[in-house]
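Next, two complexes with chain A in common: one pairs it with chain B, the other with chain C.
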Partner chain A sequence: MSNWTPFAILALALGGAWAVACVEQAVAGVRVAPALVLRRAAEQLDQPLAVPAGRDAWLYHLAPPLLLVAAVVALATVPWAPGFRGVDLSTGAILFSAALAYVTPSVFMAGWGAGGPLAVLGGFRFIALMLGFAMPLAMVVTAVAAPAESLRPAAIVEVQHAVPMVIVQPFAAALFVPAAMAVALLAPFDLADATTELEGGAFSRYTGLHAGLIALARKILVLAVAGMTAALFLAGWQGPLLPPAIWMALKTGAVVAGMLWAGRRLPRFELERLLVVAWIVAIPAAIGVIVLAGLITLLFYR
Partner chain B sequence: MSDLATALVFWPSAAIMLVTGLYVFRTRSMARAGLLLLASLGIEGLVFLSLASEFLGVLQLLMMSGEMVIMVFFMVMFMADPGGLMGMDMTHDKRRSAAVAAGVAAALGAVAVATDWPGTVVTGAAPDIEQIGFEVMGRSMLSFLFAGMTILFAMVGGILLAKHGGRLGIPAPAGEPRDEEGAP
Partner chain C sequence: MVVRPLRPAVLVPDEQAWTMAGVDVQAAGFEAAATPAAASVLAGPERIPEELASAVGEAWELICEPRRVEVLGDPFAAGMPLLEALKERHGEHAGMDHDEHAGMGHDHAGMDHGDMMEITGEPSRDGLVMEAADVALGPLSPALPTGLVAELSLDGDVVASCRVRATLEARRDALAPRAWAAATGDLIAGERIVAVELERALSHAAWLRRSAQLLGWPLLADRAGQAVAALVAEAPESIAFDAARCALEVSRRLVESRAFRSRTAGRAVVDAAGARALGLTGPIARASGVPEDARSQDAAYAGLGFEPVTREAGDAAARAEVRAEEAVAAVDLAQEALGADLPAARRSTVEGPRGPIRHGTTPGAAEAVALAGGLVIGLEWSAALAALASFDLSPWSVSAR
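Moving on, here comes the complex of A and B:
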């Protein structure tokens, strides 16, 4: 941790967002054109800002920066390599959940502030979705932290030196990945913007800089949840021969590609069914996962 | 954190916390009130963090976001005027509630001033997580469980009372559209 860390994290956020956009092109089956991503972004920034007519315009203007801050803080908690991470708190795993928890109010603020019926509907859909999925996400993080006996993400990576957590706790991984995709607004959980039914939903009114910030924040979110998945379940930077940072980049890239690929293959889920799954299956299962994590810790990690 | 950094985070955070807390009661919109309360209580997490209480700060940030979003959701769902377009007022029974608020504020202020706070300086990552864990799972477990169950009963009861027909489930009178089916 030095004075340069914030700049390194910002560079990682911008470069990572660009890389995620390129992976998106590759998964979509179009020719990968890194320059095109930048040109599209520049074109978007040229557009004028849209201003909503309602009285809550300040919520509309505040939502994109809040989403971006939440995404960057979540990214900063991910342990990228031994000794390199944005914030190295002993409670880093909780800070990750806390940063992701601010995605929900920012999406709601975007929808409510824009004031259109589809935008408000998108905001409310996302609140309903996250009420069900935020809890399993935070609970699974504690289950993974139990063997490490620490909430420091780097310690959770180090405890996986022999066996990756996805083999030790497969149920935890099975709960974490869908919840992480939901919070990162990825298809098939993209109910808040749902381009084909709500025409952009909560984000439908945004243009120009606003839209650019939201697109950037969403790509950083994808990178953050994929990085955390790689760190918590796939042993992070640990691996033979290659340097740690390369291993972490490969695993994160694979998770990003897997998540985006799943989003292209699966149809968007219906909100009511997702909520039934979240409340009746995922949350009780997450409690079971925590109990199991305690047993595993006592039996194998002591 | 150095003293200067602490002061630079603490005083602006505390000021924003108070101002947003005040504006919760100045606005007429339920959505705005809930989000202002989220701002106030979330920024309180920054105050904790600036005072080197890492675990409480991060937990405050996490819990308040979830709780206040739920509150916004329920307030918008239950209130007749969630957007504050018909001039609803956030304050009720003004004289008595002002007296109670002033009394509580004075009592809490007196406690804060009169308490002999420990003078030790906490530096670095405080080992408070383990202590909080033993406190919650040990001596204080009963009171936490009691508080949790009370809140759960209050939530279920509140939803039952607010739903159409109240706790007896009386169907809506003829001619009045039901919430579930009436809206186009």
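Moving on, here comes the complex of A and C:
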């Protein structure tokens, strides 16, 4: 990690968020207007801040920056190319899960701090959702790290030089992607801010800079989980002919588009049904995936 | 397909009412914002019902600057001028015109709208001491038709009490203007059937779109929107019937889907005896197995082989199924009626999208509004909203109470 790494990550976060917004437009079937994304953002920043009347207003003000920090830290752990591995820690995969863990309190703080019952309901819904899905997410990260015998994301990318992890551990990918979409507040897991159903839910009260920070954080979150999906399961930067960074960008873009595409084509899940799936299916399945990963490691990676 | 990103707007009235007035709000570049705080535009009519003036003024106050007013038409052709209503509320900030920004303080923008929380500390049904929260939706909520208010008490995410009421005085139904005109006007049979059936198809398509939006299913909301776009035409001859039928068939996947049925099957049940006793009409009654339909007594409809669509279950899913099936049948009836030689009988009772319209009244409409709230008690929030939507209530022809 060089002195320039923080600046590179910030540039990646801003540029990536803009790119995610453009992909969002394309997936929604509207004409992609890159300049419009920036103009809308500028308009939003021009708005005054909303100030809640409740006594927990500090939670309301703290939630957007916390969400942004969590998203940027998660993004920083993603290895983008051999020469740009972000925060290249030996426990980077765990740091990724740990950073995502801070999304839950920030969403709840946003809903609770706003004080409206539908905003609070949105916050509670997200806590319930993430109690069920945070564990499979972290467990799957451990499972895909086993063949690499390292929790360093770059090492997990390198161990996929022959076969991508999505082929070696398809069940792990099947568990990781929905959990990643849930933590990134993407449809059909958008229970916290269901637009029509909760009138915007946990984030409904934000305006101006707050709303801008949340919109930015959400797009960075999408980029982070898509980037990590590409790194953990699609062999990251590895691929023939093209430069490594291009491969990583293409794979991340495809994952972002796929996640957003799925969100448009599926109805919002019911919380009760999701919790049943999480606690009865996903968590036991994640334990099974870890056991399977151990066997695969012993048989094929030693 | 929409060709440009839509702008979140406070829509007055809601998208369905604009659709029924023949205005495609999305083609104008707007979509309903979740809250006024998320909007930058107030898209409204030239004149609004006086009863909405206060709510519109409140919503305008909560829209952040830079903001503007967009006048999309004059569907009510009566009432208070929209700009005057806004000026009246904020006299010191007079001078708002189309596309003109108005200056107002916003230290509380986004707050105090609709759903203020009040912890009442009522005990829960399951014996646990829970804090109940009071929620008021409407009269300008994206989850309800404009003019309708739902006052709910939530026990966690379960509805502990609910009261639905209209805030408008009874007038020509903005959600069924052509059926209303056909009941009070002097149309010959063919024209009447085409007008009323196209309106039924349009109304049910708009309902499917709203339900898909409520369910968070953009794909089917877009498909229902395509049906709406195909049916919104000035002349019946220019309607693309096949495109409308095709889009409606795809949209029907909504009511058949597991996600929709899990929220609606067995919920908010009205049995046949109850429907008869309360005098319910339209799809609500027909979903309960009461085959009453003003079209059954109409010789012109008999000539087209009309059969009422009914179900027995009487639940929210059955009401949705009736509406989805009626939408396709209405397109077929309208297309057949266009070229048919029908008896020239005139009728004073017309079966509108929500039930009969007779001498400027809508029997059963007020009863449905009064009934709906009580039937969602005990349901989880998303199921309660889906069940409320299944009644497809119209506040326009029901007196405020």
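The definition used in the following text is that the second predicted complex is superposed on the first by the 302 of 302 C-alpha atoms of A that agree within 3 Å, B and C clash if a C-alpha of one lies under 4 Å from a C-alpha of the other, contacts with A are read in each partner's own complex, and residues count from 1 in each chain.
Everything below uses one rule, namely that a residue touches a chain if its C-beta (ideal position, glycine included) is under 8 Å from a C-beta of that chain, and two chains touch if they have at least 3 such contacts.
Owing to the predicted nature of the structure, the values given are computational and were not obtained by experimental measurement.
Student: Compare chain B and chain C by how many residues of chain A each one touches, and report the one with more.
Tutor: Larger number of chain A residues touched: C.
Student: Please indicate which partner A:Phe133 is in contact with in the superposed arrangement: first for chain B, second for chain C, both, or neither.
Tutor: The answer is neither, since A:Phe133 touches no partner chain.
Student: Please indicate which partner A:Phe84 is in contact with in the superposed arrangement: first for chain B, second for chain C, both, or neither.
Tutor: neither
Student: Tell me the contact category for A:Phe124 with respect to chain B and chain C: first, second, both or neither.
Tutor: The answer is both, since A:Phe124 touches chain B and chain C.
Student: Applying the document's definition of touch, where does A:Tyr60 land relative to chain B and chain C: first, second, both, or neither?
Tutor: neither
Student: Where does A:Ala187 make contact in the superposed view: on chain B (first), on chain C (second), on both, or on neither?
Tutor: second
Student: Pick one for A:Glu197: touches chain B only (first), chain C only (second), both, or neither.
Tutor: Once the two structures are laid over each other on A, A:Glu197 reaches chain C alone.
Student: Please indicate which partner A:Leu151 is in contact with in the superposed arrangement: first for chain B, second for chain C, both, or neither.
Tutor: It touches chain B, and chain C stays clear.
Student: Report for A:Pro105: first if it touches chain B alone, second if chain C alone, otherwise both or neither.
Tutor: First partner only.
Student: Taking the contacts chain A makes with chain B in one complex and with chain C in the other, which residues are shared?
Tutor: Residues common to the chain A contacts of chain C and of chain B are 124, listed in rising order.
Student: Contact residues on chain C for chain A in the complex?
Tutor: Result: residues 1-6, 32, 34-35, 37-38, 40, 64-66, 106-112, 114-117, 133-135, 137, 141-143, 154, 156-157, 212-220, 222, 257, 259-260, 262-263, 380-382, 385 of chain C touch chain A.
Student: Name, in rising order, each residue of chain B that touches chain A in their complex.
Tutor: So the residues of chain B in touch with chain A come to 29, 31-32, 35, 38, 42, 45, 54-55, 58-59, 61-62, 65-66, 68-70, 72-73, 76, 83, 125, 129.
Student: With touch defined as at the start, can you tell me which chain A residues reach chain C in the complex?
Tutor: It comes out as residues 25, 28-31, 33, 36, 43, 46-53, 115-118, 120-121, 124-125, 187-188, 190, 194-200, 204-208, 211, 263-273.
Student: With touch defined as at the start, can you tell me which chain A residues reach chain B in the complex?
Tutor: Against chain B, the touching part of chain A is residues 55-56, 59, 89-91, 94-95, 97-98, 101-102, 104-105, 108-109, 112, 124, 127-128, 130-131, 134, 138, 151.
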